[in-house]
Structures are given as structure tokens and as C-alpha cells.
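Below you'll find a set of structures to go through.
What follows is subunit A paired twice: with subunit B in the first complex and subunit C in the second.
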Partner chain A sequence: MASDQARMLEAARAEPLWPRPPLWATLAGAAIAALLLVFPFVFTATFHHHLLILICLYALMAQSWNVIAGLSGQISLGHAIFFGIGAYASTVLFAKYGITPWFGLLAGMFISALAAIAIGIPTLRLKGHYFAIATLLIGSSVQIIFQRWEWVGAASGLYVPIVRAQPWLYLQFHASKVPYYYLALGAAAAAYLIVWKLRRSRLGFRLQAVRDEPEAAASLGIAVAKHKVLAFMISAAMMSVAGTFYAQYVLVLDPERLFSVDISIIVVLMTVLGGTGTLWGPALGAAILVPLSEYSRIWLGGTGRTIDLFVYGILILLICMWRPAGLLSLFEERIRRRGGQR
Partner chain B sequence: MSMLLDVKGLTKRFGGLTANADITFDVKRGEILGIIGPNGAGKSTLFDLITGFQPPDAGEVFLDGRRITGLRPDLVSALGVARTFQKLKPFPDLTVIENVIVGALARTAHMRAARDAALESLAFVDLLEKRNHFARELSTGQRKRLELARGLATQPRLILMDEVTGGVDQRTIPGLVELVLELKRRGVTIVTIEHNMQVMMRIADRILALHAGRRIAFGAPEEVRKDAAVVDAYLGSAADAA
Partner chain C sequence: MSRDLIIQAIVSGLLMGLIYALVAVGLSLIFGLMEIVNFAHGEFLMIAMFSSFWLWFLAGLDPLLSLPLVVAILGVAGLLVHFGIIRHLLSAPMLAQVCGTFGLAVALRAGAQFLWTPDFRTIANPWIAGRVQIGPIFIGQPQLVAGAICLLAFVALWLFVTRTETGLALQATSQDRQAASVMGIPTDRMSALGWAIGLGCVGVAGSLLSTFFYIFPDVGVNFALLAFVAVALGGFGSILGSLVAGILIGLVESLGGLLVDPSYKTLIVFGLYLAVVLVRPNGLFGRF
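Moving on to the complex of A and B:
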């Protein structure tokens, strides 16, 4: 009996630290990565580039929400705050001081992380739905502040001054959308790589422990409140990156749009659809919902403005009924189980 | 030599109810201290006060001579105190091994070291086979073992166990008792809440008896068992219930 245990322990120690994904998953991943890399040369229509840029940005935004909600279990309904901060930080620095948006990107991440501390310290102590309610209300307040703030253009917003020289320094590409596509793809890829690493780190494990059972987490030496705030900071900084790239892409800041509840909600819908707490769920959700929204806008024109939300609603309803853990949860669970042993 | 745990006059009130009234006891290094008492005697509240989950209204807690009264739970844990919960709290969406890795990460930031320590801990509670199951899939007895393994992975000096044999089927009790005794042999000091008197008489070096939030007896198991107040309050009511 004792030697049985010893043998089993030896065998378990010899296992890889992380379960290897099955071959089909590796192949599918490689195929998708290759497709994404050559996409602009295969599909040359500007609209397709636009579509993929949005998918990448939304995949990044949904992953950002997934860090706070999926990993640490705190539902934020005010994520547009950080999207807006990212957009404003780079644009204000460039429009008023001529500072490159690359620096603005970092400044936005930093300010967003600070904002996450300021919002998170008082609100993340609250149990239950209070954090969700608080972020929703703070989100609306921040929007109103930016709509009244003369220095940053108040309700009419700001334009990113057009510069044609040194496109990679000023992050403006007027001849083609392809550079924007690679920028967005790179930003999304970096975010997924970081979250992939995070999920395998001590911090990642601790966040999941806080999500599942905060009291048990505390009994194992985890400072619960501090970890929630940390997750919120990481999430906010990621969201801010999407804001900066979005501002450089559309070159106009409209506080009505940037800080809208729509943005806070859409990242929730995408993540829930794809699979909250999974690594690839947010990307899957973005890849489904962005085309849905863009195509419904084309087919239905101005009259179809809200049709996409209608379809989102139905999709979410179906997901809640049939697969509450999201579309991807089935696969990821199988992989974590190491070959589906029961 | 000072005691490993010194509890002096701990008091906790919830509105009009006094859950713990002026409770004093100590725990020697390497011993198993059993806590008995009927439901509502204040046993779990006492654990919450010692481990920082609730602040006491009065009284002091010393760990190895250091005052830890009202310290946050994570800081108490960092000083080498682990606990299990009466109402079990596994991390349901993590696998069994991942649950225990969270505990092991209290002592190392290195993932492989934490994984290996977690495997040791799981082997100790005989749960290795289930390592890749999700915690939510385990039976009550298995979840108790998991919670024990998770707490042990933090390498505690002192572990507070809330009803390890409660709610598990009879066949698994001897194995759990053996686990507790093996832990003691390894030098871990144990405070255990236990309803099963047979188990308690077998494992405890000393027993603290509570009733209605008060200490009614404290001492060697045989003395406590014969104590008139204990017989009246606890064994009497247990006999009635049986």
C-alpha cells in the first residue's frame, strides 16, 4: 500500500507541470495564427481589414474584462472608463504637447492603473453585486466629467492632429489600414501571451482562489483585497491599450462613444459568450460578435442600428440556457483534465 | 517554554448572543487539543477569532508568545497557522492539484516546487488519484481530505481542524484518524473540533469543553469526560439525540 503510494507519487512528479494541449488544438492554433498573419494579403478589401482590426481590439478589451471578472471574479460594468482614459491620454499628450502616442500608450496604462486603484480600494471590499453597481455608476460619472471638461474638448471631444510624416512614430497610417491591423493584432497577441503567463503564475492561481472562495484564500495566506485591486489594475491597463489604438485608428475622440455603457457591456457579452475565465473565450466572443454587429449595420443600414444588440441578447440567452460557462469551456476543461480522465 | 497558542479571555457577541464568553486555554507544542461542545457552543466562532476571520470583542491570542489578536487571516496564515472550515470551502473551479498548489504557493513562488509540494500533500491524505478532477466533483470525505492537504501545503506549525470526521461515512473515519495521528508524529500541533467522542478520546491529549459560549472543562480526556458539567451539557444531550 505504502509503496503503491510512493510509485504513484513518482509517476505524478514525472508528469509535465502543465498539461500538453491535444494535437488538434495545437494544429488549430497554428492554422489560425498563420491565417491571421497573412490575412491582409489574402483578403484585400478595406472593409475586411477594418473588421479584423475591430476583432483584434475587442478581443483585447474582452480579455481585459476577463482578467478582473474571469480570473478574480469581480464583475466590472464600467470598463469603458479605461478605454476612454487610454484614448484621451495619448490624444491629449499628442494634440497639446506633440508627444508620441507610444508614450501616450504607457501614460494611459499608468493613469488607468491608478484609476483602478482609486475605484477599486473602496469598492472591491464590497461583497456581492456592489462592485458591479459601483463601476456602472462611476462609469457614467466619468463620462459626464469628460463631456463637461473644456480642456479636453468637452462634449465635442478632440481630434488627433493629422501627421503624414513618420507614421510609425506618430501611429498614423493614411494610405492603408494594414499597419493598423498588425498593430492591433500585435497588441492582442501580447495581451493573450501575458494572460497565458499570468494564469500559470502564483498571482494567477491566487486570483482564481480569491474568485472561488475568498475566505479559504485568506486562510492560505492570500491578501484578498490587495489581490482584487491588483487584478483590476492589470485589467484597466490592458483596456487602456485598446483605447489608445482605437483613438489612433479613428483619429477622433467622442466622449459619448468612448465612455459609453455600450462598450462596458459589449466586453461582458463577448467574454460570457466565449467563456468567462477561459483563455481564448474572449477572442472567440469578439470574433463572433464584431462581424455580427458590422454586417447587421451594413445590411440594415441606419434602421438596423440596434438589431445587433437584439441578436446579442438572443445569443446570450441561448448560451445561458445551454452552456452557461461559455462556448469554449468544454474544450478547456478537457485539456486541463489531461485527456479527459474522469 | 511558552505555549504555542495562548488564548486569554476571548469574548465575542453577536447582538444579544454571546458566542464566546471569556474563553481561556492554551495549546502545547506537538499536542492534539480537542474541542467539544454541543451545536452552538461557540466552537467555530472560537476558530474564527483565533484565525482572524472575526475580531474578538475582548481577550487576547498569542502564537508562540507573539500577540496575534485581530490580525488579518492571511497574516495569521503567514505565521504558520492553517485551518479547515466546518462548511467546506474548496476552490470548485480549480482541479484538486491546483487547489493544493494555491496552499503550497504560500511557501514558494516557484511553480514546479509548489506542484511537487502539493503532490506530497495529496499523497499524504491519499488523494493523489483524484488530482486532475475538479474539486467540485469530489465527495464530502474527499473534500475534507482536500482541505486538509491544502492547509498542510502551507507547512503550518499549528492546524485548526473543524470536524474532520463530521458528515463522512463511517468507513473513512479510521483513515482520517490515522492521518491526524500521523500529522502529530510529524510534529504539527493540532486543535480539532470533533463530535465523535470515540475519535476524540483516542486522539486528544487534552480536551476543552464548551457550552453556550463558555468553557466548562479543560484538561485530560478522562477527567473532562467524567466532568459533571460536561456529562450534563454535552454527553447528556448527545445521548438524548442518539
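Moving on to the complex of A and C:
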């Protein structure tokens, strides 16, 4: 039995989930990776660094959402909860007890995973719309709680105390954004590596089975609810990492913004735009939407005039109507067709 | 805690609940017909309120006078949304359906903020203003009128759905789309009608709300969240359920605000949603 399973798993691994990418795609991927590594030295403007930091951060956040939505099929509309928890965990530990944000990062991941259990166990058995609405309401509730919670600064939030010594220990860089960039890039790369591994692991295959055929999966002895909670925990911990980095980057915690529905929405929009359930879709979505929003803010002048969100909304609507599988599926189709000809 | 205060809270909650109910019934109707949750429902309420506002601001029409016009605008919007968007989403996976209406919501809200700024507006000097005193309690006249018209709208909707042939066809489509189609009911047109009526109800609610509530681009968000709770509570697709659930939510909100803490009143209502979907996933009443 056990060896049978092992052999089947081997066979499943050998079966390409994705047709082998053609040479041009591999080369393009390598070129992008190389460019990302040397980027701060090629483009030296601070704004470009800021742009890339945001892209990496959002790529990480969107990937986190992709784990729960793409891999296990549950649509969470309250992911800002874990972003906020990550930011608050590291900042509270640092501001109140002087503990390094590196530990705060781990603490945030741990608390987020616990929160995911607390939220997930009752709600993940809800189907489709009911779960989406539940997470929307819980997200709003968590925001209300943090806005009233005196110990963490209530509605005015918290500041990360400025420390100039030992930047790598305290994760604060005031001279240049370049270290932030490499940290964000590293975090995003780690997340994509983990998800890549996860998708090809036993757990990953089970999750996809749960997503596609819950009844069949259950009849094969997969504990559907347990697997969904597990995916939710992984997703929450990833989101929390982004929250901690964001807090260290902007140094201000505002519950209005950290827990806002907008954050929950944006990760959904990015992933759906790129392609839900694909490995690179979330990154593609982030790489398109972040510059769109930053440049529209520059050209049109920001404050209150939210033209970027308007464009996001329309874009997502069109994608959902005409290509629900996301932009990446355009490439995939092309690669598949090529593969068929060969 | 005096008795008067509690009675006051009950009356206010009841009147607000009627508005929640009217917003919720549109959502419920649409879901019952095509199993699609309209995540842009609150944004249409916002559009209804802004329509009332601009009709008052530019043409000097009182919201009560322009109510039929606003209902017509929203009804047409419902048809446009159905034929322009929803029909293309019907065969898509659920994720696309959720994100589609969600994208529409984001675009509408951002569009409103872009065009009309995030400022809070009010309609000055509406026809009905002030308050009446009944014994120890005070009732705002706009709220009273709004509650009465909401009830009328519910009666009209109920009569339409249960007493007319089109209404029965609508019910049949909601109960079993395929069977209805076999019986010769144009189910696609019924869905369009559902959208028109659903957003028409939102039009009524928005018109009435604009007489006593602030008008701003994010106004719909909270109403939509409460409508989700109401629909889950009353059962997706149930008209009477929406009415009872809306009133219940109004009461829970105002009594909860009075007895616990005003800043946590929405939290209590959200807790109600979780309790209901976990214990009775089909709502308190089931469909129709």
C-alpha cells in the first residue's frame, strides 16, 4: 500500500503539471531573474526602488491569497487580517519590549496561523459565497477591534521607534531603500519557492483534489476540513510576513489602512488578473497593477482621486467576463499549442 | 437604563431595519434567481442616493418626488448589469462570479469618489423634516415616512410575486430554473426582471435614505454588509425572510448599541451572521 502510494506520487511528480516551457520562456525567466538581482544598480532612482519593493511585497501577498483560493478553492475576502497581524506583532514586540523585528516576524507568522485556525475551523466548512461573506465580515470586525484596542494605540495606531544603529538587527534602513528591496525580493522568492514545492508535494496534490472534487477527495480518505485549515494557515503566515516588512518599511501602523478592505481586495484582484491557481499569476498581477497605481497617482495626483482603483475594478470585471483563468492562461495556451505541433 | 430609552431604541431599530430589509430583498431576489451574490449591491445603493442628491441639487426635486425617477434609473441599471455583465459570468467558475461583481463594486466606488470627491453631503431642507413626539419617545419624521414607504414597497413586491402571472413565473424560475424553462417560461428574461426589481428596491431604499443620511461614495459598504447578514439570516431567495431578518438586524443593532457599546454594534450583527450560517445554513425561513 505504502509503496503503491509512493510510486503513484512519483508518477504524479514526473507528469508535468504545466507543459515544459519552451526555450524563449526559460530564457525570459532567467533574464527577469538576473535583472531583478542587479536592478538597484541599474536603476538608481529611489522611486524605482520603491516601485520594485511594492511589487515584491504585493507579489508575496497575492501568492499568499493564491494558496487558499487557488490551491484549496476558498475565496477569502478578509486577508488584510493577517497583513495587519504581521505588522502589529513585530511592532508591538519592538516598541514595547525592544525585541528585534526578526523575532516579531516569526511571532506574527505564528499568531496569524493561530488566527487562521480560529477563523478557519468554523468558517471553512461554509461553501463558496458564504465563506467569502464570512471573511469579509470578520475582516471588518477585526478592524473595528484594533481601532478600539487602547493597548495597541487604538485608532491612532503605533509608530515603529526609529533606531539608527545596527540596521540589520532592527530591520530599519534610513540611508537607502536598497536593503529593503533585497529583503522584499528574498521574502517573495522564498514564498514562490515554498509554493512551488507545495504544489508538487503530497499535501499540494491533496489540496488540489479537495478543490476540484471535494466529495471524491473525502471518499478517498482525505480530511477535507483539516486540509483547508492547513492551507489557510500557510496562507495566513505568508501574508503576515508581508505585514511585518511593510511595517518596517513605512514605520507607521494605521489600523484604518492595515486592515482595510482595500488590501484584501487588491490581493484578490492581482491574483485573478494574473491567474488564480497558477504559480506565476500573482507575480504577473502585481507587476501590472502596482506600476499602474503608482504611475496613475503621479500623473493624476493622488489624494482622494482614486482613478487607479477604478481601472483595477474595470480590468477585473473584464478579465472575469472574458478570461476567468487570468492573463497567464494566454501564454499557457500558446505553449500548449506549440507543444501539440511538435 | 430607563424603559423609555429601550422603547426609543426599539422604534429606531425597527424603522432602520425596514430600510435594511428593502436593500436585502433585492440581493436575495437576485441570488434566488441565479445563484449570484451581487457584491456591488451597496454601491448601487450609493448610486441611488447620489441620484436623489443630484436630482435635488440640479433640478430642485425633493427626494420623495424624484423617487419614481430614481427607481427607474436603478431598474435600467439592473437591466444593463444583467445583459452587459452578469450573463457573461453565468457559465464562469464561482471565483469569476464573485470577483466580477466585486470588481464592479470597486470600480463604481472609485468612480464615484473620482467624480464627486469623498465629501459627505446632505440634502438640505427636505419636505419632511423634524420629529414627532409620542409620549416619551421621539421619532424622526423622515425615518417614519421612510419606514412606511418601505413597508408599502414590501407589500407591493409581495403582491406582485404571489398574485400576478409574471410574479409566479419569477418564483418558478427561482425554484427550479430548468423546469421553469421546460414550462415555457423565458428564464433569461426573468433573471433580467429580477435584476431590475432588485435594484429598483435599492432605488427606493436609497431615495428614502438620502433624506436623513449622509451621502458619500463609501456609504453603501456597511449597508451591503448588513444586507449580506440579512439575506443569510432570512435565507437566500426569501422575500418574507428578508423583511423579518432586516427588522431583526435593525433591532439587534440599535439595542446592542444601547446595551453593550455603540462602537461594537456592527460587530454584534456580524456575530449574528456567523451564528446563523453555522447553525442554520439555509437561514431561518428557506426560500420564498
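The definition used in the following text is that the second predicted complex is superposed on the first by the 305 of 342 C-alpha atoms of A that agree within 3 Å, B and C clash if a C-alpha of one lies under 4 Å from a C-alpha of the other, contacts with A are read in each partner's own complex, and residues count from 1 in each chain.
Assume a contact is a pair of C-beta atoms (placed from the backbone, for glycine too) under 8 Å apart; a residue touches a chain by one contact, two chains touch by 3 or more.
Nothing here was measured: the structure is a model prediction, and the numbers come from that model.
Contacts of A:Ile75 after superposition: subunit C is touched, whereas subunit B is not reached. Of the two partner chains placed by superposition, A:Ala113 touches none, neither subunit B nor subunit C. By the touch criterion defined above, A:Leu317 lies against subunit C but remains apart from subunit B after alignment on the C-alpha atoms of chain A. Touch criterion not met for A:Leu230: it reaches neither subunit B nor subunit C.
Contacts of A:Cys56 after superposition on the shared chain: neither subunit B nor subunit C is touched.
In the overlay built on the shared chain, the residue A:Val290 is in contact with neither subunit B nor subunit C. Contact with neither subunit B nor subunit C is seen for A:Leu253 once the two complexes are overlaid on the shared chain. Which of subunit B and subunit C touches more residues of subunit A is settled by the count: it is C. On subunit A, the patch touched by subunit B and the patch touched by subunit C do not overlap at any residue. Residue ranges of subunit B in contact with subunit A, taken from their complex: 51, 53, 72-74, 77-78, 82-83, 85, 89-95, 98, 101-103, 105-106, 109, 111-112, 114-116, 119-120, 123, 126, 128-129, 131-134, 147, 150-151, 154. Only residues 31, 37, 85, 88-89, 92-100, 102-111, 113-114, 117-118, 221, 225, 228-229, 232, 263-264, 266-267, 270-271, 273-274, 277-278, 281 of subunit C touch subunit A when the two sit together in their complex. Interface of subunit A with subunit B (complex): residues 5, 8-9, 12-13, 17, 200-202, 205-206, 208-209, 211-213, 215-224, 277, 333, 336-338, 341-342. Across the complex, subunit C is touched by residues 69, 75, 77, 122-123, 126, 128-130, 132-134, 136-138, 140-141, 144-145, 148, 261, 265, 268-269, 272, 276, 304-310, 312-317, 319-322, 324 of subunit A.
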